[in-house]
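Below are structures written as structure tokens.
Here come two complexes built around subunit A, the first alongside subunit B, the second alongside subunit C.
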Partner chain A sequence: MKNERYAYRRFGLFFRIQHGLLFSSVIIAVITGLPMKYPDAWLSRVTVMLMGGVQMRAFLHHAAGLTMVVLGIVHIVYYVFIDRRVPFYKRPVLFRLKDLRDMVQHQQYNLGLRKDFPRMGRYTWFEKFDYIGVIWGIAVMALTGLPMLYMNTALKFIPLSWLQALWAAHSDEAMLATLFLLVIHMYHVHFSPERFPMTLTWWHGRVTREDMEKYHPLELEAWERKQREAEERERREAEARARAAAEAAAQSESPAPESAPPSTE
Partner chain B sequence: MIDLRREAHRLVAATDGRSLRWASGRARWRGTRGLLAVLALLLAAGVAWADDPTHVPVAGGLQGKTCYECHIQGVSALSPVQEHSRRYSLAGAFETYMESPHGRLRQLGDMRAPMCEDCHFTREWKDILPADNPESPINPRNLPRVCARCHGTAMLTAKVAEGSMHLELRHRSLVPGAPLEVKYGFLPGLTKREWAYYIGPFDVTAYVSAFFLLITVGTLGAFGLYMVVDLLRKLKERHAAQDAASHHEE
Partner chain C sequence: MGSFQQWLDRTNARYGGIGAVITATICLAVLVYALLVILGDFW
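This part shows the complex of A and B:
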């Protein structure tokens, strides 16, 4: 039985599967990648030993990385070329000027300089930032990771020094992404007083009415307007059906018109 | 004239993983030249060797600390004198190796990852020589063949010589080396060694690192500040709601 508190479905199954694959592959990539960044740490050696040695570490890291790359390609291809319900440039997830305003107003509200919380749509400014961060992160990790994975081929085209620059970018971007996820994303979905200990939206794709009212009032209004319109349409259709039925009934109940008298001619 | 450095390195290779005591015994059988080589090793290994002659295993990888024992640790133990340090020390070589992918894998326990002697002292090139020497395995002309021994024949055409494995990521700078005299025609003033260690119009790794440092500090700083303020605001709202509820109950 569905939890009635979480009445508003925001994320479908396909999106939740993508998110599940993404966070699983990111966690594996981080755990298997950090020992290479800090090989002199005792924890790195223990981690590598527990996962079955350096070769298994490399295999898991590459598998997680390739999963992320495939996921990124599938995501872009699906939402840009296949799912045509909304044109790409009108996608609500894209960053707009209003998000910048929302961000400023959110800070003003937090600092007590503004009374009302900004009214946001389907995605809040910080959710969009998360999303752009993921797209940026996957792009950087793929562009820097693939040449290292296929080193022999890459070194035919680029010098070793550029490969080392790619290594630095890969490692630094990984650290940025890990810290962002551990600090900011964790705060939004786990440690914020509204969410603690965690929100299960990633699992069932639903949120509460309070959540919708505070963070997505414009989406809630649009959703309710659509509901009202649908109900109104349904009501009108039901009325029309009832009227038609009544007319049909009235016609069947009234006496049949007398047939014309036979011609005397 | 006998080149002590060359003899010492040859002796290290000849010990084949055995102790220096064995090596010195073998050297005695070879006469004066061998003894001179041992003397050179003694000078290089210094106090560390003198304290415990059996403790200096050679040609045995990182655990044996072949090159490290003499050139890094031995030097500091032997003499703080600048002149000696300059002569025997491979300044930064060990640290930069440890920061390279090979060094990192070695630290994590991958015994397949090459050590100093795997690239600088091979069966094909039996002497440790600077990169500008055509006989050196790390000469840009020979380096692809050295890499190909582990990474396959694809390395023979790879641009491995255009860069250095001894890249110091911590300080984000390249290890400088003596320039080769062979000049590139299309780049006047640039010698081959400079080209080998030259990574473009600017130090791309340094700029990449600076860029990521900037966005990491900027993003985390800004969001960290937002997070703290947001948390305080939410806690304040929660307390206010709890107070209102308790007043309502009263």
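This part shows the complex of A and C:
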């Protein structure tokens, strides 16, 4: 590895590809969706013109949405049914009571009411919150967006007023997600003094030791314990091999035992 | 990753504080805007 400072890999290639597809499709969906919510704004007219007209806007919006839906399905199917490394209920991404405690302690720390930063594991409470937001967001956007995309089919089952309600839910949830991303996610990955101008973890999946010590000390301890155990096992195996080799060598050097029966004289 | 990551690290070490300034500016702007809207409703 070129940069020794970033020695701790937190995200593998599959995870990074999912994140790349997610942020690309979300950015496209937001840029192509906002002109629908504010059709009279001058910026909406400019945006639609720049992307090549209303038909292209609709095509890009639907393509981004369908990408998100497929990504959501692949994600859920993979992590619930295919990835069997850890039983589902033991997954580190699920909420535990400890996360609530971490959240309270984190606020206390930020307000200066507590000296120590909460000790968190593989995922911090705010990462889990972010993640649940994405899962929930994609589900809401898919359930409200697909009936609008396939309107003629949907109208066979639901009245038109429902479609209008779905439109309201779709655009309000989109606004909520956009503001959350612009305010909270942008802060954590760009504007935080620890990150400015940006973190490259989304690209190489690695973080520094300082990051691990501050935000994921429990995971760091688990990694180091595993590493120590592996080294210990390797050392014991090497010792056993050396002992066996020494015994074999000693045996081949010593004279062969007498095969004749002892004399009876 | 190499050099771009190192450039980011250097920039962060020198100018990381700008992140705090940007955040504070945005927060302040939102607060002032909200205040103006609320006061505008009263006036």
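Going forward, the second predicted complex is superposed on the first by the 259 of 265 C-alpha atoms of A that agree within 3 Å, B and C clash if a C-alpha of one lies under 4 Å from a C-alpha of the other, contacts with A are read in each partner's own complex, and residues count from 1 in each chain.
We take it that contacts are C-beta pairs under 8 Å (C-beta built on N, C-alpha and C of every residue); 3 or more make two chains touch, one makes a residue touch a chain.
Model, not experiment: these values are computed from the prediction.
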Give one of first, second, both or neither to describe whether A:135 is in contact with subunit B, with subunit C, with both, or with none.
neither
Which of subunit B and subunit C A:198 touches, first, second, both or neither
second
Considering only the touch criterion stated at the top, classify A:190 as touching first (subunit B), second (subunit C), both, or neither.
second
Which partner chains sit in contact with A:5 here, subunit B, subunit C, both or neither? Use first/second/both/neither.
second
Subunit B versus subunit C as contact partner of A:164, first or second or both or neither
first
Which of the two partners, first being subunit B and second being subunit C, lies in contact with A:175: first, second, both, or neither?
first
Broader residue contact with subunit A after superposition on the shared chain, subunit B or subunit C:
B
Note: overlapping subunit A surface for subunit B and subunit C spans 183, 187, 192-194
For the complex, which residues does subunit B have touching subunit A?
98, 101, 103-105, 107-110, 151-152, 154-155, 157-165, 167, 169, 174, 197-200, 204-205, 208-209, 212-213, 215-216, 219-220, 223-224, 226-227, 229-235, 238
What does subunit A use to touch subunit B in their complex?
35-36, 39-40, 44-45, 48-49, 53-55, 57, 107, 109-112, 151-153, 155-165, 167-169, 172-173, 175-176, 179-180, 183-184, 187, 192-194
State the interface residues of subunit C toward subunit A in the complex, per the touch definition above.
1-2, 4-6, 8-9, 11-12, 15-20, 22-23, 26
Which of the residues in subunit A come into contact with subunit C in the complex?
2-3, 5-6, 183, 187, 190-200, 203-204, 206
